[in-house]
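In the part that follows, the structures are each spelled out as structure tokens.
Two complexes come next, and they have one chain in common, subunit A, joined by subunit B in the first and subunit C in the second.
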Partner chain A sequence: MGMQFAGNAMAQGTAYMERNFNQWINMPALRHYFNVNNVYVVNKLKLLLFPWKHSPWTRSITRTETGQMGGYKPPREDINSPDLYIPVMAIVTYVLVCGLVTGQKGSFHPNNLYASGSTAVAIVFFEILFTRLGCYFMNIPFEASIMDLVAYYSYKFVGIIFTDLTKLMSGPGWHSWVIFVYTGLSIGFFLLRSMRYVILPEASAGPSTLNPQRKRRMWFLLVIAGLQLVYMFFLIN
Partner chain B sequence: MALGLGQLFYVLLFVINGIAVLSEDRFLARIGWSVQADPSGFGGDSQSVKFKIINLISAVRTLMRIPLIAINIVVIVYELILG
Partner chain C sequence: MQYEQPRSFWSAFGTGGYPDEPPLLEELGINFQHIQAKSLTVLNPFKKVSDTIMDDADLAGPLLFIFLFGIFLMLSGKVHFGYIYGVGVLGVVSIYLILNLMSETGLDWSRTASVLGYCLLPLVILSGFSVVLNLGGYIGLVLSVISIFWCTYSSSGMFTTVLHLNDQRFLIGYPVGLFYTCFALMTVF
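Let's turn to the complex of A and B:
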């Protein structure tokens, strides 16, 4: 009797929390982004550090039974789909690596962790703002979700972690700069290929329609991908 | 570089403040950026970049004047109290 009452109270409590929580954060959408498995994570990390040979960059679309287009396929089945698991892990690892680097220099302070985490979030936020403003100015219909952009712009932390770890293990010198430039270029290329379908929505058959609007959009895309290197330079310590 | 979320918020606040204080008739009309301009459209695009910038500036000025007053007061009080 007492256990039934306790079980009832727990069920009511969770139902109340769910109702109020779902108003703020869209849980099913987030669930889609965290739907990953090990194979996807490993392949995506390899793709981030070596994107030059990967061939089809389009995202697969799920179709419902009537043949209409549903949402995109989850990351478990499609390597081109952005996920949020790698970005979250990458940002947390970046904060920890920053703490490690300052600790090795002997000047660690817990305040530094907050500063580096805040910088990371601020840069991602600024990039999202820049992209939305750019899409507004160039009349690009913006269909992707903001979580997609968060995912795409947080992938560069993987490259930053890689560079920081090589700098940590083998000391600063010209080889860590080489690795920094290489990871910057590979993340820039990755972003170029992935964001192409967000920013140039017309299915392009080739550079035959080179009107000025399309050229401006290509420049915008190139600027976005090129700025990644600049941001990475500021985020590496 | 002390770049963080708080600094980014201050930067955005200052930029929007700057846009909000642009005077319509003293400055924007002088340089030809007033809102009711250019009924003769630009060639191919229905809305060129300049048109959008003009619209964005006037929208920021119309919409954000009153919330900006409130946000500025909050930030000023915060800075006064916490130095």
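Let's turn to the complex of A and C:
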């Protein structure tokens, strides 16, 4: 009798929490970003560290049966689609690697984990703010969702983890700086190619449409991609 | 000991019980056969996991394993019961969120806690070793890496069979591996 009462109470409590949780976080939209498989993750990681030769950067669009355009294809079927699995794992691994590095120096304290985690989240938040303000001031119609931006700006943690692990395993020196510059440049190039479709909505390539507005937008895009190296410098330790 | 009504106030102070009362272990939901079967499934990573193994999500086995883990750590000088509780709850909640986002059919939190707790068994064995050995050196590193892999392999296997995910095994394995790495860090350092 007591066990049944406790079970009922737990079930009612969980149902109450789920009702209120769904009002704040849109679960089906988040599910789209976590719809990944092994092959996608491996290929995306290879793409993040070697983006120079990848050729079509456009995201594929699903078509319904009548031929109309639905949303974008999920990450399972499209390597160019941003996902949230790699960013979430990258941020968690970055916090743990920071803990490992301070542990090796002998000064580990659990408070440091909170500090590195909140720094990481704050930098991503600041970049999203910067992008939205830039789009507002330059009159760029902003069609991507905030989750896309969170995903794009958190991909740099993959490069940061790579640099930190090489520094851990082989000590600080010129080769870890080389790895840092290389990963910074590759993540910058990756963002340049991926964010092009967010910042420059008219996807016509070529110099024939080089009006001042388009030049300003291209500079904005280059600034975003170049700042990645700066943020990465502040995030590695 | 005869009472007028079987469930009157005074029967709380007697030992007669009431008619149709189930035995104590069955009422508490502790089923030793199931605990043994699930522990043997974890300990034998080469056997195929059946689909219905997690149909009853009991938490008695995991609680036993967690207490054993804490007691072994205490015997080797580290009293970390608070950290075990904190890391355990945080890990179970985050893995519950990730599993629900990544799979078609969700999983409720007591089942994830049950799977994660049963697959902690190799780490309990490692902490048993830490009572007699010093795990800071090379042998300890190798043993802890083997235990983490064993735990991650068995729990990702259970999750993929229960949730019918076929090509996401490594993706489930990575956060679960991080979770068990935290426990291993507590054991070694």
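The rule is short, and it goes like this: the second predicted complex is superposed on the first by the 218 of 237 C-alpha atoms of A that agree within 3 Å, B and C clash if a C-alpha of one lies under 4 Å from a C-alpha of the other, contacts with A are read in each partner's own complex, and residues count from 1 in each chain.
The definition used in the following text is that a residue touches a chain if its C-beta (ideal position, glycine included) is under 8 Å from a C-beta of that chain, and two chains touch if they have at least 3 such contacts.
These numbers were taken from a predicted model, which means no experiment stands behind them.
In this superposed model built on subunit A, subunit B and subunit C occupy separate space and fit side by side. When the shared chain is aligned, subunit B comes close enough to touch A:N211, but subunit C does not.
Touch criterion met: A:R31 reaches subunit C, while subunit B stays clear of it. Applying the stated contact rule after C-alpha superposition, one finds that A:N139 touches subunit B and leaves subunit C untouched.
In the superposed model, A:L96 lies in contact with subunit C only, and not with subunit B. Contacts of A:M3 after superposition on the shared chain: subunit C is touched, whereas subunit B is not. In the superposed pair of complexes, A:V39 makes contact with subunit C only, with no contact to subunit B.
Of the two partner chains, subunit B is the only one that A:F125 touches; subunit C does not reach it.
Vertex at subunit A: the C-alpha centres of subunit B and subunit C lie 120° apart in angle, rounded to steps of 10. The least CA distance from subunit B to subunit C in the superposed model is 21 Å. Of all the residues in subunit B, the ones that touch subunit A in their complex are 1-8, 12, 44-47, 49, 52-53, 56. On the subunit C side of its complex with subunit A, the touching residues are 27-29, 98, 101-102, 108-109, 167-171, 174-175, 178, 181, 189. Every residue of subunit A that touches subunit C in the complex is listed here, in rising order: 3, 14, 27, 30-31, 34-39, 41, 85, 88-89, 92-93, 96, 103. Across the complex, subunit A meets subunit B through its residues 115, 118-119, 121-123, 125-126, 129, 136-139, 211-213, 216, 234.
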